[in-house]
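There's a structure below that I have some questions on.
Chain lettering (A, B, C, D, E, F, G and H) follows the sequence in which the chains are written, and residue indices restart at 1 in each chain.
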Amino acid sequence: MSEVVFDWDRGARIGIGEAVLCAGKSEAQVAGILRDARDRRAPLLLTRLDPALAERLDGLEYDAVSRTGWINPAPDRATGAICIVTAGTSDAPVAREAERTLAFNGHAAEMVFDVGVAGLHRLTARLDAIARHRVVIVVAGMDAALASVVGGQVPGVVIGVPTSQGYGAARGGETALAAMLASCAAGVTVTNIDNGFGAACAALRHLRGWSDG
Amino acid sequence: MSEVVFDWDRGARIGIGEAVLCAGKSEAQVAGILRDARDRRAPLLLTRLDPALAERLDGLEYDAVSRTGWINPAPDRATGAICIVTAGTSDAPVAREAERTLAFNGHAAEMVFDVGVAGLHRLTARLDAIARHRVVIVVAGMDAALASVVGGQVPGVVIGVPTSQGYGAARGGETALAAMLASCAAGVTVTNIDNGFGAACAALRHLRGWSDG
Amino acid sequence: MSEVVFDWDRGARIGIGEAVLCAGKSEAQVAGILRDARDRRAPLLLTRLDPALAERLDGLEYDAVSRTGWINPAPDRATGAICIVTAGTSDAPVAREAERTLAFNGHAAEMVFDVGVAGLHRLTARLDAIARHRVVIVVAGMDAALASVVGGQVPGVVIGVPTSQGYGAARGGETALAAMLASCAAGVTVTNIDNGFGAACAALRHLRGWSDG
Amino acid sequence: MSEVVFDWDRGARIGIGEAVLCAGKSEAQVAGILRDARDRRAPLLLTRLDPALAERLDGLEYDAVSRTGWINPAPDRATGAICIVTAGTSDAPVAREAERTLAFNGHAAEMVFDVGVAGLHRLTARLDAIARHRVVIVVAGMDAALASVVGGQVPGVVIGVPTSQGYGAARGGETALAAMLASCAAGVTVTNIDNGFGAACAALRHLRGWSDG
Amino acid sequence: MSEVVFDWDRGARIGIGEAVLCAGKSEAQVAGILRDARDRRAPLLLTRLDPALAERLDGLEYDAVSRTGWINPAPDRATGAICIVTAGTSDAPVAREAERTLAFNGHAAEMVFDVGVAGLHRLTARLDAIARHRVVIVVAGMDAALASVVGGQVPGVVIGVPTSQGYGAARGGETALAAMLASCAAGVTVTNIDNGFGAACAALRHLRGWSDG
Amino acid sequence: MSEVVFDWDRGARIGIGEAVLCAGKSEAQVAGILRDARDRRAPLLLTRLDPALAERLDGLEYDAVSRTGWINPAPDRATGAICIVTAGTSDAPVAREAERTLAFNGHAAEMVFDVGVAGLHRLTARLDAIARHRVVIVVAGMDAALASVVGGQVPGVVIGVPTSQGYGAARGGETALAAMLASCAAGVTVTNIDNGFGAACAALRHLRGWSDG
Amino acid sequence: MSEVVFDWDRGARIGIGEAVLCAGKSEAQVAGILRDARDRRAPLLLTRLDPALAERLDGLEYDAVSRTGWINPAPDRATGAICIVTAGTSDAPVAREAERTLAFNGHAAEMVFDVGVAGLHRLTARLDAIARHRVVIVVAGMDAALASVVGGQVPGVVIGVPTSQGYGAARGGETALAAMLASCAAGVTVTNIDNGFGAACAALRHLRGWSDG
Amino acid sequence: MSEVVFDWDRGARIGIGEAVLCAGKSEAQVAGILRDARDRRAPLLLTRLDPALAERLDGLEYDAVSRTGWINPAPDRATGAICIVTAGTSDAPVAREAERTLAFNGHAAEMVFDVGVAGLHRLTARLDAIARHRVVIVVAGMDAALASVVGGQVPGVVIGVPTSQGYGAARGGETALAAMLASCAAGVTVTNIDNGFGAACAALRHLRGWSDG
């Protein structure tokens, strides 16, 4: 029952490589999509892919931190346009999902880890380097204060990704999400909680407009 | 007590004209900022400005629908890069706040009104025209389904602005906000509820990267 | 303690075959109800039935995707009146629960999978076929935008079933539920989250009126 | 700015007379739609229409309890198919909005007021009469228990409309809404809080299928 | 660290036998309290006691449905004053916790199971018998409509216990709790979700006043 | 439209004098009920009655603090069984609603004001006097800690009434409500927020059982 | 009814001058407390005092920004120990309530306005001066990021006061509150939303320990 | 990927020993930080450290109740300034986390267990001893009433730590958190749910100011 009806044209239509969210899909469904992609020699990115399932899939390049796997990624285009910044060590898996999604589409991102605002000097020492990028993705949980500070200092595109890190009043990322949305830094936009993939796709939407210009 | 310490350099720093959110500020504070801007011959955009207060301020170009006023706006740069789309008639004030913020910064936006998905033909008839823009701002309340449909069809940057329209389960815009964040269209980012100003600022961040390229 | 007092007359009273929600019931309770039904040669539908428990029950026709089992289902009445539409692959279990509930009551439903609005052409290609049915059940999670689009195009009864698919701002189906309730498409009604069974029962209520007419 | 782009074909498409939610629209917008309808000699229903505004509009048949107005309603088709039931006195405005929407579309509904379950005998005395209708709309606030009782006794279509009546834990209708969704009566579907209009539209969707049969 | 400082006088002070909520306590803590009670030959009721832990405790009379255990319960006082009513099969564990707490304190309760309002005749057939009790405890989840119906028909004390049964909009018992609090039946009071113990203690408070009179 | 169908027998059935919640009812509806009661020479209590409306109603004994009015109250039965305790000055209107409801039914309550736990000595000085009553109603907002302290010291019936006093995290009484429900004092039951009327009705249910004994 | 029972000893007991929250109290109650204090020649601070009411009270020193009034404040003790920092112009009334409460108790606070993190240079320029104080009160709404940055740089006591400024996802201060609680800066504690008075009282508790040392 | 960039200077900057929250960090990350600290002979406190992981780390002094481990703690400074008070047995792990954090920094705290307000005499017997400390940390879940009572009696610093103990309306600690924030006791500040570490750090911030005085 319920064969997957995959939207192979979406990539062409909105310029983002084919990607599948594996959470909520059965092993048979994921394996079927992968087989189909391999037959078409199409690029395919699998996100939220369980490590145990990944091991049972052939020929996939898998990254355990971000739980992403791919076949036929794009060659690196060396744009140097994107920077990904994290507040704390626990935000790394989400940041890595964004990095991998960008790499799959040909954009190596510069990574700046662990510059949460409680240690302000770590951040200020890196701000000029961060601000030189066209797109900055800020990955932060708990109070997500990093997005406001970066948004106030960086002239380019700033995309906030709240993470589900923290406990109690962090409310599984809802607080970080709301704080980024209510940020006093003008023009920061936000993705869903833990959605590193979505932030990367937003960056790709921007880059297309720019590189086609 | 409590004189306003205004951040006149932010405009230069992140490339967005000086703007002040008037909600929560006293008449004296708003009038003081305006006087200061006029003395410096600086551009100034006032948002969420009460019509009654606007009438008492001299020399302001005021728009009642969006409740915005300005002095010394930038000349139009005729980029044609931005489109603002609304789902319903009641979303117009928020869309207009975005339009005015862009105009103040020199970008006339193309406006597409009342293309909510319940009347799908109105939308599909306009989709090609919408998709030609580098940045599309989608303003929608209630179920905010428009953001997902546009996000799936438009290759450029798509920014969702949830509005507080609707009643009951619309929850003052929280449902539209959550629906946009959970959208199945990849790479749509979101602003705070009713934040047309923020969406425009995000668009300006995107355009800078592009026009400087 | 606490023998089950089963309401065997409800089926006769409101015209829906006997059904039992197994979640929250002990194995002894479920087995007892099943034995009782078999003794009476009564039709019985078991929903939310754990696969491990299903294996220990004799003579049950079990479906693992929907986690439903039955004995003595009604023969198919070939009405062709009902269509079930899903937005994404992960919505299949809920759609299948609705389909099985209808089949148990003698109505084979037409299934249309994976027509979420982010790939609008997949949906528009099927809309005429969907619109021909007297009752359309729309199963969708995350932003649930599909219910609004279908509700705006289909003249018959449209029942929305929000699913718990998605993460973060999807809030376990609460966002899909609220979005369907706040939908701009007039006359769409909604069931509880993941309640495929309830949607099927609502469809049966509609069909009775019609087929008796 | 922002002329209203009205969807005059929707009525034809989904078989529900043209209707406009006036909340959130300016007086100029509402007056414009009304003028347009009058010029076309089209039927038009206005909901959530402020009494003060209604007085300034010409030739409108206005009902203050439901805050609805119309021109060119359909003649009564005497179907006798629909019953509207309320739990308490305060639910009357929402019930009346449903009644007026049905009447505008040619269906006079039977009204049963004030049969909340705390006075069970008032309800049981009316249950047989209620159960004879093809569609029963249950309007109830606070605990909304009436929907479950009616849903368990009536074989036809049962549509629940939670109302915003009550205080404290009634939470502006959220409790009634959730209680109806979680109802133990199978096949009851639900509309948004206070959405009498939507419940009537759902009834019309059902009746079309039936009367065309 | 952190020896338990137990309040052995509370029973004497407010007339309720010593009881300990085991959830959140370590095995050593529970065993220590039990040993202490046995040494004093004091009555002791343990609630929310894990079955695996119960097996490792000596000389405890344990009931697996309610997850309660006791030593030295009071002899039955045959008051016949209390009735416990449940809506559905899944509410039995909570009802049983109330029943066991009452029995531990010398009051055998009359149990009426599975009289949820969706099968109204099951309830009405029992209402006169229920109404003869001085205290009626109503245990119900999901929409909790039973509390309102019983509250409207029973002249004595009515205590509602919402249960965490149900899914989706049932929200782990929050909906049942809110619905009981917002009930239209006057003078129904409510305990925490799943708090059968608390309802029994409230009944004991009522009975003391009465039997001492 | 929508005449009120009043349940005049409820008083006889559950032993509580006729009462009407005026919030949400029109002036015509309230006046009609009052006229009807006067014609029947029946007792009638009106709660949540606006002062301006009260002035326009004839022959009503009105209390502005509790916003209650009555005709034909019961004579005082001098039971001395009930005590009402408040935490702070702002809780007085709710306490007064309970007091008036009891007085209308023939029970003068003892009032103990302003014994919130932050000034513990004020409370401990009164605890013995409070504990002598069969029923203690605790009216408290904000953290509602008073209910727990009283519940732990008083052997009789303890009914908590959370009030909507306070700001921010008090959340309009939701925090007081939740804190009372989660109270560590066994057997405290709770009414809806600000529901002094309901607490009084619960006390009346108890007293009937006792005085009939 | 309900005379105020004022706790005149609390000041002596916990070392904070007598203060009364006027919100929720009637004019007669406030006037009575003031008269009583004046008769005793006691210091008295009134908070959340409506300006219109303040005008009708004699001999009160009133501040309209903070809506506080006092009689007989303590002389300034020139400790220089406390600094109050605000993020934005709209946070001033809350900061001023803290400042006034401190002044009433003999502590003039140093005020640092408008150093929200979106303009980081304004803050970093002041950080050394801020860090020299024993107690720093941080008043911030929206994302409340300022508390985290200050908490990470200041060695002394840091108390966060979330404000209700902002709209949409700011949720009336709930987001600022949660963000401060989830802050990555260790040892920052938090008061209720808009509770400048409470923050000042906490500072007084800290200072007592210190000045008594 | 993602090496940890540790902020070794924070301790010096704000005077709190180096501490790491292990939840959300991988074993490799935790082990790396520990190795680094050992190489520097630096003090290090690990919180929320899984017992299984703790066993695999060498030379760590681990406490299973609080799930904390340390190397190189500070010698005890015998200040006797701090008291930690708990409401119930289940609050011990959080209290112990605070105690261990203080001990790691050289401050042995006095512990007062199980003085929840439902057994008021246990608390009042200890209040004088509690009130002699400069800082009192109150650890309480469910209704958290203890914080209000202590806050009203103790003149020194009072820091509330809500715990996640309880079920249903306790909402994982949210109710305790809100109740503490809304407390009627002036000047009580609050940490995140279960944040014993944070409360200890706040106490350390206070003590530094005091001991340096």
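Throughout what follows, a contact is a pair of C-beta atoms (placed from the backbone, for glycine too) under 8 Å apart; a residue touches a chain by one contact, two chains touch by 3 or more.
Note that the structure is predicted; figures quoted are calculated from it, not measured.
Touch-path distance (fewest steps) from subunit C to subunit G is 2. In terms of the stated touch criterion, the partners common to subunit D and subunit H are E, F, listed by label.
The interface formed by A-C recurs in D-F: of the pairs listed in D-E, D-F or A-B, only this one shares over half of its residue-numbered contact pairs with it. Comparing the CA-atom centres of all chains against that of subunit D, the greatest distance is found for H. Centre-to-centre separation of subunit A and subunit H, using mean CA positions: 35 Å. Between subunit D and subunit G, the centres computed from C-alpha atoms are 50 Å apart.
With centres taken as mean Cα positions, subunit C sits 41 Å from subunit B.
Here the CA centre of subunit E is 45 Å from the CA centre of subunit G. In subunit A, 10, 118-119, 151-153, 168-170, 177, 181-182, 186, 192-193 are the positions where the chain touches two or more neighbouring chains simultaneously. Contacting chain pairs (ordered by label): A-B, A-C, A-G, A-H, B-C, B-D, B-G, C-D, C-E, D-E, D-F, E-F, E-H, F-G, F-H, G-H. Within the complex formed with subunit D, the residues of subunit E that make contact are 87-88, 116-120, 124, 142-145, 147-149, 151-153, 166, 168-171, 174-186. Note for the complex: subunit D touches subunit C at residues 10, 13-16, 19, 81, 134-135, 151-159, 177, 181-182, 186-193, 197-206, 208-211, 213. The touching residues of subunit G, when paired with subunit B in their complex, are 65, 86, 89-90, 92, 95-96, 111, 113-115, 118-119, 121-122, 165, 167-170.
Contacts from subunit F toward subunit D in the complex involve residues 1-7, 9-10, 23-25, 29, 162, 164, 173, 177, 192-195.
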